[in-house]
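Next come the structures, one after another.
The following pair of complexes shares a single chain, subunit A, combined with subunit B in the former and subunit C in the latter.
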Partner chain A sequence: MTTQLKRTPVTVLTGFLGAGKTTLMNRVLTEQHGQRLAVIENEFGEVGIDHELVINADEEIFEMNNGCICCTVRGDLIRIMGNLMKRRDKFDHILIETTGLADPGPVVQTFFVDDDMKEKLFVNAVVTVVDSKHIWEHIDEADEAKEQIAFADVILLNKCDLVSPADLDRLEARIKAMNGMARVHRTINAEIEIQRILEVGGFNLDHAMTVDPKFLEPEYPFEWGGVFQLPAGEAQFIATQNPDPSMKLTLIPVKSGSEDELARARELAVRIFSLDAKEVSAGQSLHCDVHLYELMLSEGEQRWTLQVPETSFYAVFTEHYPEELDLKLCVGTREVVAAPAAAYKPDHEHDEEVTSVGIEADGDCDESKLNQWLSKLLRERGTDIFRMKGVFAIHGSDQRLIFQGVHMLLDTQDGGSWGVRKRRNILVFIGRNLDREELNAGFRACSV
Partner chain B sequence: MFGLSNKGKPEAVSMKSAATLMPEAWRAEVEDHVLDLRWSPDGTMLAALPSLGSIVIYQHDGGVLARLPAHAGGNGAIAWHPKKPLLATYGHDSTVRFHATPFRDAPTEFVLEKGWADRIAWNQDGTLLAATVGKKLFILNADSGAVLQTMPDHKSTICDIAWNPCMKNQITSVCDGGARMWRVGEAKPFAHFDWGGASLIVTWSPDGRWVVTGDQTPSVHLYDVKRRHPLHIQGYETKMKTMAWQSDSAWLATGGGKSITVWPCTGKKGPEGSKPIQLFGHLGDAVCMDFAPKQPLLVSGGRDGLLLLWMPHRADSPALISQRNNEITAVRWGPDNAAFAFGTETGEVFLLKVSLR
Partner chain C sequence: MNIASSLFGPKDNSKAEATRRIKQWVASLQVLPEDGIVHVAELQCHEPDCPDFETVITLMTSDPKRDRTVKVLKPVKEVTHDDVVSALLAKDLDANSTPCAH
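After this line comes the complex of A and B, so read on.
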């Protein structure tokens, strides 16, 4: 008897002025994707498309009489969307373009707070277009820029042809430190497969994990580690690039060139990286003595001599990827290749105010404890938590419980049967001043 | 301040059928989702407003008297003149059209500014027509169509308007920032009730005592004009979607969620300190309601496709009038109490005969 409502996806497009939002919007409008779109713009668009509907909006915020900023919604969206939903020729997808200075919070909250919107629509994705060249002018100063990045499911590093690959790497690392959940694409003129914008799926956390598998891994103070087999005597570190003024490095003797030995050394290296570094300029020597060295970099080719006490295996951990410095380890004229070697998710030197925390745990959790923990957490820290997503394995249920939230607001849905999949819980929080340990401990207390 | 409680809410309500008391007389179809249904004051014509497409005028027997042109960009509102054989239509082309019955002549058109345009209302004696465009409220002379006054920018796009039924020059507009009370001819509102939130719908009690807003924050604000006293009712599950007054102003029905809450509005204090009647029966949100003009009967339509008949003062189980597969979007009693019309999201329009005693 009750009407089966199919919820219509909504994609929210954000980004600072000049980042390329309009270019992306025009691309979506003109490309053949087979979907009937309604576009809500802030200005009447210059692109007139017969089969699409373009509507002007004013970004009107509805304040709440309980004063809660988490509950503020966009009144214009409620009005316009409500009107669109009253048309027989329903749209396949609704695209909302925000102004460059818009806070994405009320836009996303609209689909959590307003019962009509919640019933008929869902957020497919928040897509943030970033001007790769000029974002540095805003990223530290403007809250809107930070929040647009923090709220994003998809981030386009646009105009990437205007910056060097090293700067782009630096920007991507910075952005991932703020929002480890978002899928990051590098674009020129906002050129991207439209499916990557329109078919994100909101709740598709499994997909999100495939984009940045390092996101849930622990963070390390170094980006690379590898084991070298070296003969007794002297070896040479040779660097020909200097993107940074210095780079930290340590050497740890290990028993063999195995993954296990590299993993054991990695834990020791974490502790060594917390020590004071000894600066070594080009021409000076390093020793395999469990010290933290800081190679001081300057122009042109530079060499450091490594004193090797005995023929054996040595694990080396570097603050940055060796490729960034074109760093080689040579014995005589022969370059020695590390085996095994691994890249690590670095912790971030930027001391970000906005960060993301991922938690992954196998097994089940207790629904009642989870409710209590999340309720308390969102009540006390909801204003600082911009977005969260997750999937839970609830003890006693064979269904995946999927949730996503914005600030204090939480929405859950049945994610289908676990089937043969391994039962595990994944949570992602993006917010301001998040306490990783506290979040981890809170969730661990909910496990069965 | 009141708190509503749904404790004791029944899981399912057994219903008797009212189909025999309100048998279907005819059904018809308009081109899209029925936004509104309006009876002419003499009850001989029913205007059906779809979201897109022609506005259709039905005779009492279901015959189509006229198909009036749609408004480009979507229809917004219709309103029968209270005293003359005239229907005003309005829509997102910002054009007000006056159609004189029997609709043989071309309408008179008045084009306002571009913007969101979906509310019009005649004042009590039909001398003035109010129309909203975005954040502005326009007052038009009913004879010439000339804009007599533009009420200045509101805080957000105006969500709803309502004339004071007892004062022909007083109108209330609502938007973010609550309600503004205007006197035609005065540049500023003579009262502004900013309750700290956004109001979505507004209604005056037929006796002109109460002005009531339904809000985005699930609550209702009332202002007792007689006592100059505001009331705030909280505890609703959802934002307000519909409100209806009994014709003698004794009861106010408020709805938006699955339950309907009915407040007594008589006595010195009205709803203050009183216990409301809560009506349970809908399985989805109640989105439209109307009281019978001459009996204490309420009809409600919901997203669940149920059309229910209530005797609110008895707080009894509802009677099921009709059960559709899609949302009931508009309900309207005929002014003579002898007919009742409802519309659906798929554009169906039904007329039921009323044989209630």
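After this line comes the complex of A and C, so read on.
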């Protein structure tokens, strides 16, 4: 008779040399967290405690299918897991520390390929420790640095005492643009509640919403929009700063100064921003004619005349925040204030290579369509998709379907009954060359 | 190429059981030392002229250089005892073959 043991969680600890992995590992080994750990490390030197099991591993990449990225796993970990599984009752959690240059992909994939192993183990979290001071030396050049960030469920911005708050904000924004799903913590000496490492629960996608609600918002080609009430005649755009050589802008007549009208105009503005822009230098005129203009910026105060055909409301959408240019709209000497106004999540500041796409939709999915779409997507784009997580509401089922993947490999599990919760699908992709519109369209086609 | 079998649907442990079955067959053939590990993975091939699924069976010992990998061109649930024996035998013959004298 098989003993029904729960799946053992596996946490992978990664990060560049010097980031603080060892410090974090020592904390985990020495603090009282109530869990019996089996620790797998690539170097000797960790402090072992009597009740901990510490195993040394030599990184061994094993390609099961000659060059196919999804079939590349860690042979050394397979051997170690095979032996550990013979004594599963001796520990509660497995912690794997990788070397500084390790690609987390093969490590994670190791736990996705053997169905017997999948029944006994699950990936609780990939925890990446980042040296906040020195990561900029690697983040653009080293694929391993990008992969370690892209694969993470938890990111520690360590040594944050060595970096200014403004630089930390910049780093965190850059990292979140690459991986919008990870929970980011700022740490000194890798100090963090150990539960935040050991109890992430790899399938808990609800965290994606609480950590950064903006992550699942749609992105726009403009950062700001607002409605102005203007009298017929002339108004003036006045800017005194020029952080960039130019800035795009459009003006759309609307019926009133309401949120609904701003939202309607916003959707039109998205299309307008995809058109060719007309360059306008200081001293030239713009019109409220649903065209895309490009204000050519230079030093000092610059003015553009706006021709207003009739007293009415006009929605203005700007590529960047008006404050960045100190941009104002004036009628005579009076500044006109926009109401309502809104800031939007931009689509033009992300890492060119590694990005995150988050999709959210209420209602149910057709299981067959979802299966076809995902199967095709993973077959054709699996090498570019580092990780994927989802919660689906499947038509005809009361169970939340939780889904996690790495490259082309998938794992699913029941997430319990929806109960009184709103049936809401959430899907997150992290990878290279992701086409947000294509992914959105593909997922929408699966709706019932 | 056929679309993959459902990613979703009722979750059962039939693939895990099939995986364990294959591991037990390999163990019963006594081709591994006591500390040997058998790893079984069902892979999906994306090449147009390849079968949709193949089962990769890897016999691992403490020395990676002595690992052996065999493939059965079927989904894991369809692999039979004879398939495993044939695959291992073919691997042995391949490993033991000597170059033609001419």
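We take it that the second predicted complex is superposed on the first by the 304 of 448 C-alpha atoms of A that agree within 3 Å, B and C clash if a C-alpha of one lies under 4 Å from a C-alpha of the other, contacts with A are read in each partner's own complex, and residues count from 1 in each chain.
We take it that a residue touches a chain if its C-beta (ideal position, glycine included) is under 8 Å from a C-beta of that chain, and two chains touch if they have at least 3 such contacts.
Keep in mind that this is a model prediction, so the values were computed, not measured.
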item	value
Which superposed partner A:394 touches (first subunit B, second subunit C, both, neither)	second
Partner chain in contact with A:422 - subunit B first, subunit C second, else both or neither	neither
Touching partner for A:374 - first (subunit B), second (subunit C), both, neither	second
Subunit A: partner with more touched residues, subunit B or subunit C	C
Contacts of A:412 with subunit B and subunit C, given as first, second, both or neither	second
Partner chain in contact with A:6 - subunit B first, subunit C second, else both or neither	neither
Touched partner set for A:334, first subunit B, second subunit C, both or neither	neither
First (subunit B), second (subunit C), both or neither touched by A:61	first
Intersection of the subunit A residues that touch subunit B with those that touch subunit C	60, 62, 64-65, 71, 75-76, 78-79, 83, 114-116
Subunit B partner contacts - residues on subunit A that touch it in the complex	1-3, 58, 60-67, 71, 73, 75-76, 78-79, 83, 86-89, 114-116
Complex contacts: residues of subunit B adjacent to subunit A	31-33, 35, 51-52, 74, 116, 118, 134, 156-157, 159, 175-177, 195-198, 215-217, 219, 238-239, 241, 256-257, 283-285, 303-305, 323, 325-327, 329, 345-347
Partner subunit C, residues of subunit A touching it in the complex	60, 62, 64-65, 68, 70-71, 75-76, 78-79, 82-83, 113-116, 118-119, 367, 370-372, 374-376, 379, 392, 394, 401, 403, 408, 410, 412-414
Contacting residues of subunit C [partner subunit A, same complex]	3-4, 6-9, 11, 13, 15-16, 18-20, 23, 35, 37-46, 56, 58, 60, 62, 64, 67, 69, 76
